[in-house]
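Okay, so subunit A shows up in both of these, paired with subunit B first and subunit C after.
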Partner chain A sequence: MLQSALVGLFQSGGAYGLLAVCVVLIYRTTGVLNFALAAVGTTGTYAFSSFYTSGMNLAEAAIFGILIGVAASVVCGLIYIRWFFDATPTYRAGVAIALLVGTAAITIRIFSDEPRQIPAVIPGSGFSVDGVVLTPTSIAGIALAILFTLFVTQMLQRTRWGLQLRAISQGPVASELLGLPVRPLTLAIWGGSGAIGTIAVMIVSPGLSDEVQSISLVIVPALAATLVATFRRYWLALISALILGGLQGLLLYSQTLIRYEEVIPFMVVLGVLIWNQRRELWDEAR
Partner chain B sequence: MVAAAVAALAAAGCSSSSSSSAGAGSSAGAAASGSPIQVASLASLTGAASFAGWQLGAKAYFDYLNKHGGVNGHPVDLTILDDAGSPTQAALLARREVDAGVVAFAGSISLSDCAVNGKYYDQQGIVSIDVGSDPTCFDNPNIDPVNSGPATDPELQMVFAAEDLHDTHICMISDAVPGEDPQYQAAVTGFEQVTGQTILKWIRDWPITASYAPAVTQLKNAGCQAVALPFEASGAVPLLADAQSDGIHNITWISGLALYAQSFLSAAKTSANGMYLGLEFAPPGAPGTAQMMAAFQADNIAPSEPEESSYTAAYVLGTVLKTIKGPITRASVLQAFRTMQPLTVPTMGTPFTFGTATAHHPNQAAYIVKINNGAFADYKTGESWLTIPTS
Partner chain C sequence: MTQADVNGGSQSAAASYQNSLETGARYLRIDRRNGQLTALAAVILVPVVVFILPDYWVQLCITGAIDAIVLQSIGVLADRTKLFVLCPLAFASIGAWVVLQVFVWGWPGGLYFWLLLGGIAGIPFGLIMGFPALRLRGLNLAVITLSFAFALDSIFQVTPFPGSQNYTSVLTRPSPIGSDRAYFVFCWLIFVVFAVILYILDRRPFGAAWRCVARSERATAAMGLSVRNAKLGVFVISAFIAAVSGGLIVGQVYTAVESNFSPVASLVLFAVALLVGSGLAEGAAVGGLLSAFAPQVLSSIHVPQDFGNILFPLGTIQVLAAGTSASASWRASFRRMLRRRRARHAPAPGAPAPGTSVPGETTAVVATSAATAAALSASTTPAEAAFHTDTTDVRVPASDATVVPAYSAGPVTAGPPALRVTDIGVRFTGVVALEDMTMEVPAGSVSGLIGPNGAGKTTLVDVVSGFIRNYDGTVEVAGRGIDHLLVHQRARAGVRRTFQQERTIPELTAGDYVRVAARRRISAQEVADVLEFIGGPSPYDRIADIDVGTRRLLEIAGCIVARPKVLLLDEPTAGLAEADSLAVAARVSQVPDAFGCAVLLIEHDMEVVRACCSHITVMDFGKKIAEGRPEDVLKMDTVVAAYLGTADKASVIEG
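Right, the complex of A and B next:
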């Protein structure tokens, strides 16, 4: 049973963690809950797979794939900056869902829905722990998620860019009036998130069904983790994501509980929402 | 011991010894010029789950038939209809075509045709020789599917592991596809009754969005020697890749028709080597498929199993139509099917039957191929059909 949890933790936890921390970063700096992050990552990962299949070496294919993910994410960012810069959070969330669906549809159109094997971005057979094979890619996923969280928290707290981003998160229009480079910085965040989203999907997708829709929906557990972290706390988002990965692996072990595996992120979301509302009075919360 | 359907294969390969394996038309060489016989095919060509292209096999058969004399001089006019996956549209189109005078349906493959039109076909006395896309197609007196269905495939895969590969630790993993679990349960029950073995491990309802790595670990730790894998390529490719990266080489993977495609071989690469597939129809180039290959070539169709399935359905209908003496009507077609003898079909491993049964399931065989060095190869030369033992 613990083996299954370990597989889930290493196979999915790192990727969920990267996505969750990235979602918090985008939300805190741009005010957008980016549902399309994994879809953009899927575009980059499909490009990586196509480049590799066409004969490019693994490292070059990965780099070009990440660049495609960055480009796709920057396009999403430009859409926000051009048309939804001052939009309400509700509008922004709606646009994010549209971008999720649109990006997935475009990815299928470009790359077709033919079966494909997405190669492990770090090749190698790994090693076995208690009967569980830990691949270099899955270990790198966990390590990368921890390093990325460390980088984000330190960057926001200790650098000039971090200070500017924090200011932008408090009020983009006011920050722009004060002369801060709001739009370039926002685009940089979108571009960086495209890279992280692509890396996360590259890590998790070799074990998943190769359908674009399935891969794009790895954003769901990541969003559940960000909700646990109240869209603010990076380390809590990471830890929640890792736990969710392990928990999903655990449920996959039980033939009775297996059918509830896909429900877990939604149960977490529901649980957190109910918990957050626990002190509300009926009339006020309505 | 598993009985290969050698007789069927031999009959299929003999071009002049039986009516079923003769040319498509009764007067080869002369194009049909009489009044056309109206036939329709209802498919979900667009929509959520598209069967685009599946109808080309039926079209190729009737094109070939018409060029070679048709049905006693009458050409068959095939109308292909797209219900876009909509039950409402499927119901409307079926009624429109019946009102327009079609005498039968052939090669239909729709998400909802059997479920929403089955009763109607029964009431109207119209025959549908269907590809068989869902379990309701196998439970109707007037619909007879040519494929082997979701229960027979995995059962055959497990029986093959037990009887031909002599494995004793046999497992299965099945996806969480709505409505399919009872079919898999029937497969497991059938396998256990036929072989006397008990399935070692069955992982059922695997979520299609979940990683396959935990499943691979479970199958390995259970000690499975062979695993039936009734999966689409989208699930099989990552699962096999996981098994390969985990260094698992002592499990034999056995799957079915869905993986019989060059695109699967290209995607799976070396991870599929050593795998077996049980096909519902004889693969292109197998004994008895010469006429089908000629028909496909004439229509510029690359042969694959989807086209073969509708070709087979059309072949059955065309062959039975030719036995009808007198006017070809809805009633005479139904009568011909009800009184027909078991029909040897070159692309099927068991004879096609209809009769007066309230449900039909004639295809009880699989043509076994093995994947060697990234290519499909016959499992046994000339004896690749596997049928479920009757006792």
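Right, the complex of A and C next:
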């Protein structure tokens, strides 16, 4: 049973963690709950797969794929900066949902939705520890998620850019009036998130069904983890994502239950929200 | 300005207001008739057109009608309560599952009854989604509903819909709706029925409460409306509508497969709903048409069908950037067209007088306020500023120009105090916000509560109105303890309040707002009277078109029409120009006489306080530091020091 959980944790926990921490970062710095992050990652991953099958070597294909993901994410960022700089979080979420649908449709249009085998970004057959098979990609996913979380938290706490980003997260317009480079920094966050989104999808997609729309919805468990972290806390988002991966893995224990693994994020979200009901929250301050 | 001038001005203003009421009522009738005739024409014409279309197009029309129903279910939530629910097709899949299951079980009743069962089966799931939304909103809700769609989709991937694997028996439609054309008419009628029900609900307090929730949950509760019931109600209705649409899909194709209800399909429809503004019936109808026909139209011009999924989101982004949906802008154009026609055909004599209002047009503060403000200004000069030591009583006489409604309750001065708070204490994580606060608001009086910023005045109002639950001490309204009551229950028990920022509902008309706030049946005359009392807008004016000063007065009207025991006004003149402040002061001072309720006025403008209040309480650092008649209290050294530090009194007076 523990082995099942570990398999799940390694199979998808790392990717969920990368996506979740990235969603928190974008939300805290730009106010956008980015439903489209995995869709953008899917675009990059499909580009990577196409480059690879057209004869490029694995590393080059991965780099170009990531760059496509970065470009797609920057386009999303430009839309927000141009039209939704002052919009409310709910409005921005509405835009993100439209971007999810649009990005998935564009990906299908460019790369087609034909079944394809997404290559493992780090080749190798992996090894078994006490019955649990660990692939190089899954280990790299977990390591990357931890490193990325460490990087984000340290960068925000200890660097000048981090300070500026924290100021922007509190009030973009006020920060702009202080002379901070709000738009370039925001775009940098969007670009970076495109790269992380692509890497996360590259890690998780070999184990998923091969439809663009299904892969784009890998954002759902990541969003569940960010919700547990109240859209604010990076390490809690990572840990929740890893636990979610582990919980899904637990279902591997049963042939019947594993088919319902996608119910887990909903159950977790429902549980967390009901728990949060204890607090009486009104809509706004006086 | 003489009293005769004032009286003359008020009579002319009253006549002008009456004139505006009659004009507004006439135009409203015309607008409603035009709207209803247009809608009726559409209801009849659409099936007529469909009857002459080729069979293949009829199938698409059925899909369009069903999509329009799904869009209605999204619009109920997204447009009215601004809650994003991303799982409409998940609710639909539940309806589809139930219809197929009862068919497989061989239940009697046929499709008509099964559809109803399917709709009812969606309700518990709507409640499950609605429960987390009771106190949390926005993004949390979007995430849980998308997770729900994702989860249900995975379940239906591994657990096929009943009867969809072995086609030993196939669901059939009852003979009256057996043909595709008849089935389209059936779906269309269901759409129309939902549209009519939603139209009616929008005009009742139950439906208007949804828009209140979207604007401000605090204000909703403070009006005595239950936020919980409003939210759960809207989820129940939305889930029911969506689940019925699922049953209709089964009726169309005789079975169901998981891909009909995928989460991404839900998101596409959600994007379409934002694009067209599916809270309005015409928006939902056009949205259904778009989603069903766009692929065919695109392929007919040799554009791949999946371009629709690129174009819809682009349209949605454009609409969100513009801040108004397609259907809302159509309605605005329709109104403008009617107004232009009206302007062309309106007879010169009997036309509304300048300064009066016509539905849909911007309204200025009405003359009665100005007349009363002028009366006040006549007795109070700007030189008589804050902390004036002159003891002249500047309270507004009851015989002033304001209209006192015919149904006036008259002052209530006997009996227990309207409000009594005793030994109230509040602590916020170590900070003492209120300590041993005791005060009374006598029945039939206007009392003032003043103090520097941070003194605890609004905290006290939050305690009395129930927004702060953890406090020491007791709160009594007209002798009855209300400490155990929730916010909306306190409002119903006789505590009404306003907020520092006005929280009226821009989508409603002034009259509808007053009706919602009253929480009881009131006549059109009563609505007109209370609006006239505040010297405010016509009942037919949209609040979005009214200036902020008048909205403040409208909020007060909403409170007093409910006949509370005590009205708590939290800085009602904040941010208003002097003339508007004095107009508000004039109305407030007459509330006890006109409506029989006491008023507790929190105010920084000492001129307003002196004009309104017979008794004031001064707070500083969460404690009461003085109380008594304004002219005595405002001279006290402790009060001056609380406001202005330790500056010497002489300089304050001179300043």
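Criterion: the second predicted complex is superposed on the first by the 273 of 286 C-alpha atoms of A that agree within 3 Å, B and C clash if a C-alpha of one lies under 4 Å from a C-alpha of the other, contacts with A are read in each partner's own complex, and residues count from 1 in each chain.
Keep this in mind: a contact is a pair of C-beta atoms (placed from the backbone, for glycine too) under 8 Å apart; a residue touches a chain by one contact, two chains touch by 3 or more.
Remember, it's a predicted structure, so these values are computed and weren't measured experimentally.
> After lining up the shared chain so the two structures overlap, which partner does A:E262 touch, if you call subunit B first and subunit C second: first, second, both or neither?
both
> Looking at A:I106, would you say it contacts subunit B, subunit C, both, or neither? Reply first, second, both or neither.
In the superposed model, A:I106 contacts subunit C only, not subunit B.
> I'd like to know which partner A:L217 touches here: subunit B for first, subunit C for second, both or neither.
both
> Go through the superposed model and pick first if A:L33 touches only subunit B, second if only subunit C, both, or neither.
Touch partner of A:L33: subunit C, not subunit B.
> Touch test for A:F84: subunit B only (first), subunit C only (second), both, or neither?
second
> For A:L252, using the defined touch cut-off, is the partner it touches subunit B, subunit C, both, or neither? Pick first, second, both or neither.
A:L252 contacts subunit B only, not subunit C.
> Give one of first, second, both or neither to describe whether A:N57 is in contact with subunit B, with subunit C, with both, or with none.
neither
> Of the two partners subunit B and subunit C, indicate the one touching more residues belonging to subunit A.
Comparing subunit B with subunit C, the partner touching more subunit A residues is C.
> On subunit A, what residues does subunit B touch that subunit C touches as well?
Touching subunit B and subunit C on subunit A: residues 217, 259, 261-262.
> Write out the stretch or stretches of subunit B touching subunit A in their complex.
Interface residues on the subunit B side: 176, 203-215, 217-218, 220-221, 233-238, 241-242, 245-247, 261, 263-264, 266-269, 271.
> With touch defined as at the start, can you tell me which subunit A residues reach subunit C in the complex?
Touching subunit C: residues 33, 35, 79, 83-84, 87, 89-91, 93-95, 97-102, 104-106, 108-109, 213, 216-217, 220, 223-224, 226-227, 231, 259-263, 265-267, 269-270, 273-274, 276-277, 279-284, 286 of subunit A.
> Residue numbers of subunit A touching subunit B in their complex, please.
Subunit A reaches subunit B through residues 3-4, 7-8, 11-12, 53, 114-118, 120, 125-126, 131-133, 135, 204-211, 214, 217-218, 248-249, 252-253, 255, 258-259, 261-262.
> Taking the touch rule as given, give the residues of subunit C at its contact with subunit A in the complex, in rising order.
82, 84, 86, 128, 131-132, 134-140, 142-144, 146-148, 150-151, 153-155, 157-158, 216-218, 221, 262-264, 267-268, 270-271, 274, 304, 306-307, 309-310, 312-314, 316-317, 320-321, 458, 462, 467, 469, 499-500, 570
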